[in-house]
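What follows is a set of notes on a single structure, which appears directly below.
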Amino acid sequence: MSTLEHWLQRYNAGRDALPGAGVPWLDALREEAIMRFADEGWPSNRLENWRHTSLALLEERSFAPAAAPLAPEAVLQRLRRDGEEAAGGHWLVFVDGRHAPALSELGALPGGAEICSLAEVLATHPDWVEAYFGTVEEGASPVALNAALATDGAFVRLARGVALDAPLHVVFIGGVREGASLVRNLIVAEAGAEATIVEHYVGVEGAGDVQAGAAAAGTAGALTNAVTRIAAAQDARITHLKLQEEDRSTVHVAQIAAVQARGSVFASHSLSFGAQLARNDITTRFDGEGCEALLNGLFHVDGRRHVDHHTRIDHAQPRGTSREFYRGVLDGAGRGVFAGRILVAPGAVRTDAMQRADNLLLSPQAEADARPELEIYADDVKCAHGSTVGQIDEDSLFYLRTRGLDEAHARNLLTYAFAAEVLERIGLAPLKRRAQAAIRARLPGGELMEAL
Amino acid sequence: MNAPTKPIEAFLEREYPAGFVTALEADALPKGLSEEVIRRISEKKGEPEWLLQWRLEAYRRWLTMTPPGWAQVSFPPIDYQDIVYYSAPKRKADAPKSLDEVDPELLRTYEKLGVPLHERARLAGVAVDAVFDSVSVATTFKKQLGEHGIVFCSFSEAVKERPELVRQYLGTVVPQGDNFYAALNSAVFSDGSFVYIPKGVRCPMELSTYFRINARDTGQFERTLIIADEGATVSYLEGCTAPMRDENQLHAAVVELVALEGASIKYSTVQNWYPGDKDGKGGIYNFVTKRGDCRGARSHISWTQVETGSAITWKYPSVLLRGDDSVGEFYSVALTNHRQQADTGSKMIHMGRNTKSTIISKGISAGRGSNTFRGLVRVTPKAAGARNYTQCDSLLIGERCAAHTFPTIEVRHPSARVEHEATTSRIGEDQLFYAMQRGLTAEDAVSMIVSGFCKEVFKELPMEFAVEAQKLLGVSLEGSVG
Amino acid sequence: MLDIRNLHASVDGKPILRGLDLHVGTGEVHAIMGPNGSGKSTLAQVLAGRDSFTVEDGSVSWDGVDLLAMPTEERARAGLFLAFQYPVEIPGVSNAYFLKAAVNAVRRHRGEPEYDAMDFLKRVKAEMKAVGMREEFLYRSVNEGFSGGEKKRNEVLQMALLEPRLAILDETDSGLDIDALRTVADGVNRLRSPERSMIVITHYQRLLDYIVPDHVHVLSRGRIVRSGGRELAHELEERGYGWIDEAQATPAAQGAAS
């Protein structure tokens, strides 16, 4: 059975059980979305945006939970233990794409802040969702699949001027009982609101499964299909951090789409360390003057893993500033793809856009592809991009060795330093430390770097 | 604060002095494309059977292909049956035996274009092949070059006189089915230049071809093949103009360069096809496939282009770096004004060990012009030690122009070092004011800034062409060298 | 020689100069001091002809000629030189070329023969030595990658080469350490002559220890509010600018009403 039929069947059988089923606009949207997906199928490298990452393999693949999954409680406990902010913050936990109230823990919220599951808000206030849920046309076909089948997700609404004191952690634990999780998160920040939202995507394979999972890659494994939509009204400030540490057999397909009103500030940090194949599409559109965006990202691939980031910053209005920094560390026979487009619309004068994408190749089999793109239709702009693919700088290596470090240590140190520069842009210290720990755990000799 | 557009506009308002038509009787095929037309072109040129078959194979491939849609250019679909595929000035004898037999009207045309064909009138250092519509009308200095064993002649002549060389190399760099326009060219190409530099020979003068489209409704499909044998060196220049007409005319050329071990080819273009008027009416569609093959170790191919003409430019002079330690270079200045569209750039395919490539691209967009850089740097799994540096800058003049930068980097070897840098800026009001406060006129200030912007490319041009580029961009080169 | 009367200028509709009067005689050195935002740099740019400022009212007569009617480059060729507070970078254009183009534009205007490359190099190298600039700066792009001090030296070098009749130094001391300041001031002093007038704009009295002015003016809210000898500079140094603004509060209101 081709998986297209599988998805259609899943839709036909399950649509009435989806959250908000019976809400007319949502039913209609889901119907159209599944039609679109049935029509287009998984994107293949015949599409320009998927030239370096094809999902055609998903046509023939079934998704299965991990053979001997860790209990979600244990996964969460490990996650919360690792972070020193464990005591504080708000925790909203989803298992296999469904809200797990018993694992979630929201602290005291300021008045005007609503945080709940998408299912819950669709049951109580579907009208809050309609304008922000998204449309059938946007994104590639997996986004349409998500629109049709998303089972849950986080819903955040911040009234005018409301600031979340502590980060909201949204945790997605996939592959426990089901092979595929489809989640959709909606973040709505009204004028002047402020929040930091962290999305954690974590796997459930026990230590013994890791090898098995890797061996089985290509035949089975879990699927995560995640969409996050962010609406930042005038002067709102949203920081979004995504930490993807899924199992090595998981396919992760995600979209983060922000729309910014005048004077708003959006920071996205995308850290992609896990999964067999991870594709992230991150976009923001400046719908008002004077917006600011930071798109910051770090990925690590090894084995035969593949990570792809596609970003797009749409400078649709004047006086916008964007900064984009992506770095990749590529080991084994891993492949890393970065494609970033900066679009400056006619009339978007005084745009100031800067983009950098740098890749560090550690192994002879690793592959890096980069497509930094500028598309400019206005004259009074300042735009620059730069991209490099290379290895550890021999001069730096030599310098460290003359100071007594052995070569392996020096290499590991420089590799970590390359990666850690990206993490410096994460403003909140506990989140930065958590990210540093996550990359250290994956780099050779990382445990030695703790003292840095 | 508004940009001081007035002096800039004045600077960009250039005449198109090459826009005249030469009144000549032409020997032309009727409009349209078919196997019959291809057979007649081949027959007119007295070609051997293998070449006819080669053309027909290309034509059959072309019929199955569709025009590329990915470039950042837009134009109405081209009716390929509404084009004249062969047009040649009528002449008395078969071919002029010497320059004295060339139609004086033709000689006057080239003189008017600043390319006198009489050898005594030329600068001693440059040999010229003049291509008029579909045929080569004259090649100068053939005798002197022959003394070195150098073959420099029209493509048609080469087919007759050096068929073994043509057969050995034709289509080995740009295969018949490479892309839609290359396939079309392979089917109907009418003439072009052929160069062969024997082993170890350093070509004693610059070789150049001057392409002229004259006849109405005619497409120009020239094919150029340059082979530098082991250790040979050559510098080749190409210039092009066309009359001003309200209809668009198609120019789909193919250029193939082959550099064997230790050979070096420098290929420079000043492209000044008629760009259309300021409302975008008329102009040449310049859809060109140019590719060099660094086939031998330590070979070197360098492309330099100054693109100021054409309504639409679609070309990506590329280098296949097969030989170990081979070097590929691409230097480009592309100016688009009014409604001109350019989608241009380069591909560097690293295959040998320790190969190096450089891409320097300077795009200037003015008026409603659109300028796109499209590049590919690919380091294949065996290309140990590959190096690439790409720099790609855009200068914006006017609020309705567009500038795009679409590079692709694909690296499959960990010892590669690939760097890409791009910037976009406009002529700053403060720069203009500063220069004017020191007594320069606004026009001089603009031309000085543009010249500074293009400096790295101009310095790659041979002197002969640097002068022409200077005239075209209206800029003083003096400020850009130093 | 320079006569500024009731000069009003604005940018984007916002008035900056509000009725400025100033008279600078031939060979005199005038210092203009004032707090940030008082209009000092605006005055310099308006005199040099920057078109982002709109002259709303008033007149500037320079040796009997209407300065405001002249295009920027004509003013430069007629001998008006502005040393920029923030000299502009021009990538790709060598300093040597730029200097030669400017000098020859001025010489052509004066009816003097243009320099050829050799003569020019000889001249420029001599002047560079005098301001302590290394020759390599000739072959670098105009101001690109220059340190603050190098940029200012480059301004003084241009001034020496262009031999202006009226030089306006806009905060030439900003961003300079004391050594660089001394070098630049020496360069300027060398160019003082009975035929050359100067307007030295500065926020600090320190520069005036090195370039000693004949007259000192205080600019506040777009007008000259006090004039005196060099002792006025010391007074400002001791008392700061606050008292001027206070003293100004009332007259400025009157000015606006009239």
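A, B and C are the chain letters, set down in written order, and residue numbers restart from 1 in every chain.
Please note the rule applied: contacts are C-beta pairs under 8 Å (C-beta built on N, C-alpha and C of every residue); 3 or more make two chains touch, one makes a residue touch a chain.
Small disclaimer: the values here were computed from a predicted structure and weren't measured.
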Worksheet entry | Category of the chain touch graph - line, ring, star, complete, other | line
Fill in: Central chain of the complex, centres being mean CA coordinates
B
Worksheet item: Taking mean CA positions as centres, which chain lies farthest from subunit B?
Response: C
Worksheet item: What is the distance in Å between the mean C-alpha positions of subunit B and subunit C?
Response: 49
Practice prompt. Please compute the C-alpha centroid of subunit A, do the same for subunit C, then give the distance between them in whole Å.
Written response: 55
Discussion item. Can you compute the centre-to-centre distance for subunit A and subunit B, using the mean CA position of each chain? Integer Å is fine.
Written reply: 45
Fill in: Multi-chain contact residues (two or more partners), subunit A
none
Practice prompt. Note which residues of subunit B are touching subunit A in the complex, please.
Written response: 3, 70, 379, 394, 396-426
Practice prompt. Give every residue of subunit A touching subunit B within the complex, in rising order.
Written response: 48, 52, 346-347, 349, 359, 361-364, 366-391
Worksheet entry | Of all residues in subunit B, those that touch subunit C in their complex | 1, 4, 428-431, 433-442, 444, 448-449, 451-456, 478-480, 482
Worksheet item: Which of the residues in subunit C end up touching subunit B in this complex?
Response: 48-52, 71-73, 75-77, 81-82, 84, 87-94, 96-98, 101-102, 105-106, 109, 139, 141, 158, 162
